[in-house]
Amino acid sequence: MSVPSAILQLICPDRPGLVSELSGWVAANGGNIRHADHHTDLGAGLFLSRIEWALEGFGLPRQSIAPAVAALARRLDGEGLLHFSDAIPRAAIFVSRQEHCLVDLLWRVRAGELPMQVPLVVSNHPDLRELAEGFGATYVHVPVAAADKEEAEAAQLALLRQHGIELVVLAKYMQVLSSDFLEALGREPAQVINIHHSFLPAFQGAQPYQRAWQRGVKLIGATAHYVTEELDGGPIIEQATVHVSHRDEVEDLIRKGRDTERLALARAVRLHLRRQVMVYRGRTAVFD
Amino acid sequence: MSVPSAILQLICPDRPGLVSELSGWVAANGGNIRHADHHTDLGAGLFLSRIEWALEGFGLPRQSIAPAVAALARRLDGEGLLHFSDAIPRAAIFVSRQEHCLVDLLWRVRAGELPMQVPLVVSNHPDLRELAEGFGATYVHVPVAAADKEEAEAAQLALLRQHGIELVVLAKYMQVLSSDFLEALGREPAQVINIHHSFLPAFQGAQPYQRAWQRGVKLIGATAHYVTEELDGGPIIEQATVHVSHRDEVEDLIRKGRDTERLALARAVRLHLRRQVMVYRGRTAVFD
Amino acid sequence: MSVPSAILQLICPDRPGLVSELSGWVAANGGNIRHADHHTDLGAGLFLSRIEWALEGFGLPRQSIAPAVAALARRLDGEGLLHFSDAIPRAAIFVSRQEHCLVDLLWRVRAGELPMQVPLVVSNHPDLRELAEGFGATYVHVPVAAADKEEAEAAQLALLRQHGIELVVLAKYMQVLSSDFLEALGREPAQVINIHHSFLPAFQGAQPYQRAWQRGVKLIGATAHYVTEELDGGPIIEQATVHVSHRDEVEDLIRKGRDTERLALARAVRLHLRRQVMVYRGRTAVFD
Amino acid sequence: MSVPSAILQLICPDRPGLVSELSGWVAANGGNIRHADHHTDLGAGLFLSRIEWALEGFGLPRQSIAPAVAALARRLDGEGLLHFSDAIPRAAIFVSRQEHCLVDLLWRVRAGELPMQVPLVVSNHPDLRELAEGFGATYVHVPVAAADKEEAEAAQLALLRQHGIELVVLAKYMQVLSSDFLEALGREPAQVINIHHSFLPAFQGAQPYQRAWQRGVKLIGATAHYVTEELDGGPIIEQATVHVSHRDEVEDLIRKGRDTERLALARAVRLHLRRQVMVYRGRTAVFD
């Protein structure tokens, strides 16, 4: 894990020879492939590839790889994304009052499970300041009232720019992001990850645990997904469920759900950070 | 398991002393309690109890227990259901063309896992006749066309009466039962069990696997539930899920789903037959 | 949950009428039963019961309940344990260098999931002092060298007495407790809970993840159990497993295992604290 | 699935360029790769690859592929196995008295889930003849007494040869195969798959459910593995577990275990048949 690698995520129209062409390109430049995984979506006629190779010994200097990848993608009429495993993204975590996902993420970052930095925690409540600061993050309380949502989002955007944020994780942030905000982020949908406390598409929207209890389901779940303008409709990265019984009150569902939320969100963020997730046509391919 | 027992399912308004009163009633009649389980729904103010005791040595003769239970329930302003573990219900299985749930149920009956008899299999297709007959069931093909659905259901009802059926299991029966049919069954909703191939309430209605694939979920599920007039809205008995990935096509979801459907349905039918399920207010308490 | 209750755990030879006798005793004293669960071990001829009732309105004053329970147990030739839900036990957590279980437990205590106090954290390493103290616990570094193990254990015992400890949780404490130590704790085996990082009885002893990797298993697990003199042989409270693949190196097993360990240990400690676990004949009955 | 493909399983010493070399070889011959998956065992210094490509349009005639693959493997100082997806192996299922795995496998073959033929069922008991014959298999009762085990195994070997068997599935066959028998099969260990009714390495040997009950475990499992001379020690393909409680008697463990056994064995056989399993150094890489 300690030796840095380059990771190429490429998507292009399917045709014979692509696996060979991509691995051949890496090999021709002296690259030693560590992982190579591909997927063909037959219905869509698309080929998706994730190739990871050691930077050590690779013939192209680091700064020349991106242009070379861009040329390769153009030649294949596709799109390529290049990542370096030693580039540690700067992430902001958005929270409201519940701390469990925030604690869990910050602990995992410290434990080395999640290759990211968290310089910034944003909340519409003041409650979790001490916790965030204890892990070295700047905590900014940005109240969000119905009347001044636009203003609040402008402040949030400024914070994200100021801290050079590349990834936003909504860790039980109980506010809906406007489409203006999402657009203004100026990045593809893959850049905001949310945890929803139900096994989507069941119980989209508010109060999923209460509604799950009402419906009398025998399992509850959590869904980590990229955020798009369609509420709770973005590409799903990870889902998990846990059994419940008639003995469980709503508060038990909430308690049990916390563990499911923590695990699903942590796994999703890890998969994202290791560049194991590719998004296309409203869905994900997860190369794990 | 071989020594017969009586099983009382009682539901009544909650008040102190009910556990003692019920177990005291059994003990006063010389009954040896094997299982006693209770649940209080605080919000509804309801007390649910399931008590099972050995018939051997019980002071009341078998035919006198039901009236005694009825008197007890009246005294508690509640409702009681009495079952005997050695009364093996007669069940009809409704199928369409898919055989996996039917094979599974019939095999489990033969293996002694499901204490029921299956004298009758009803289908809107002729395909599974040989299979059903191989297990000793009468197979009746009742075609269901949009135009003559009423007629078909009348034929089905006649068959159920003729075979003395107490439980109907919809084992991938791809037709919606009319509310007239359900009413005419003349029994409470607990008497028809269906398997739906999604983790309800997600993907209610038709084509759940196709829609699950479209949505890009990372888990698929199955739900066994009692049938009510509200389509896919009846009390849930059992749910199970299994992980899927981007590599799974719709046909893979269907294949993986078959195992989930078989297990969820078999567990639900077993719970029902062992009188471990109590239905109230659109939900179930499962005493397992 | 906030209204205090009494919890009786009783074990005695099986005979007819016990459920009625116990619930009758509670009712006769005006108690309102919240939960009543029983189990008969037919092979052992033993009856186990857990009854929980509201203290409010109960006819016996709090201090008179224990003697009354003792008399009841004597009459039934059994043993009874009485607990009050509002008595919050004082627990010590033993750790070595790994922090994940410690963080998790302390966080859950703070979040109200685990009804215990943690005044003391004991470790054979100095590493986790800041963490423990951040949650308000006293951290004592008691080095354990092979030569002076006896001395170290004497110091640990003194600490436990000094802090009035009723429960010891071994949260990845990588030392074996001597039988002298366990005896000197002067309490039944139910009072020390350990998390072992394998699905016992597989991989008893040291290095379970390394050995699991060597064996090429497709799932790894964790086991929370009461500690007895038989290493890794005490009564099991909770077990959990997670799938692994050939892609997982030993370090991946360790990482995935951390989540399994945290969950299994937290569930076991919660079950213990809510007095849902009864120990007999080297095994547990878990009334959940 | 319907268009036939070639599948290459190759194992060789690791070195840079192997992914490119293999995919380049396929592409150079005009092959369209459907799946390509690789694994490097860093500790062992080994590279494992599974490549599947469409036969349609491939430049080499079918009968020339094997020699070409052999040459390729030689050049890489490794070993290659070539399979064709439309070559449906002939399998024999060995059973004793329990039918659940046999029924399940035969049903899945008929349902198209398992691409194999089952011309032969061998048993040391006469019980399951009708069942096997109902699915069109020849059923041979070969009694195995301690005194004449050698003779019995000779008869079994003759049957396997006579029916052209390439895969033996031990579906709850309660006899240990001698090392002579395994050797005489004259094939690599990958050719006999067994289902063991515990999560190995726990409860190796006889009576695992009884011993699991004795130990008081909270989960039971099943393990599908290739058979080697070391009893219950062969490479593991698939494992599954299910939760049990103190309420479960040994007979409940056996009942719950049946479902786990059926699923684990069916999954393992499917993985094997689709050539997704590679065996090396006593372990498996499962490319799913």
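Labels for the chains are A, B, C and D, by order of writing; each one numbers its residues from 1.
One rule holds in what follows: a residue touches a chain if its C-beta (ideal position, glycine included) is under 8 Å from a C-beta of that chain, and two chains touch if they have at least 3 such contacts.
It should be emphasised that the depicted structure is a prediction, and the values quoted were computed from it without experimental measurement.
A.B. asks: So which one's got more C-beta contacts, A-D or B-D?
C.D. replies: A-D is joined by more C-beta pairs in contact.
A.B. asks: Using C-alpha centroids, which chain lies at the maximum separation from subunit D?
C.D. replies: Between subunit D and every other chain, the largest centroid distance is to C.
A.B. asks: How many Å are there between the centre of subunit B and the centre of subunit D, using C-alpha atoms for each centre?
C.D. replies: So the centre of subunit B lies 37 Å away from the centre of subunit D.
A.B. asks: Hey, how far is the Cα centre of subunit A from the one of subunit B, in Å?
C.D. replies: Each chain's C-alpha centroid was found; their separation is 41 Å.
A.B. asks: If a residue has to touch 2 or more other chains to count, which residues of subunit D qualify?
C.D. replies: none
A.B. asks: Which positions of subunit C touch subunit D when the two form their complex?
C.D. replies: For this pair, the touching residues of subunit C are 39, 41-42, 199-203, 215-219, 221, 235-241, 245-247, 249, 282-286.
A.B. asks: Taking the touch rule as given, give the residues of subunit C at its contact with subunit B in the complex, in rising order.
C.D. replies: Per the stated touch rule, the residues are 16-21, 23-24, 26-28, 30-38, 40, 57.
A.B. asks: Using the touch rule from the top, collect the residues of subunit C that touch subunit A in their complex.
C.D. replies: 1, 99-100, 103, 107, 111, 113, 134, 251, 255, 259, 263
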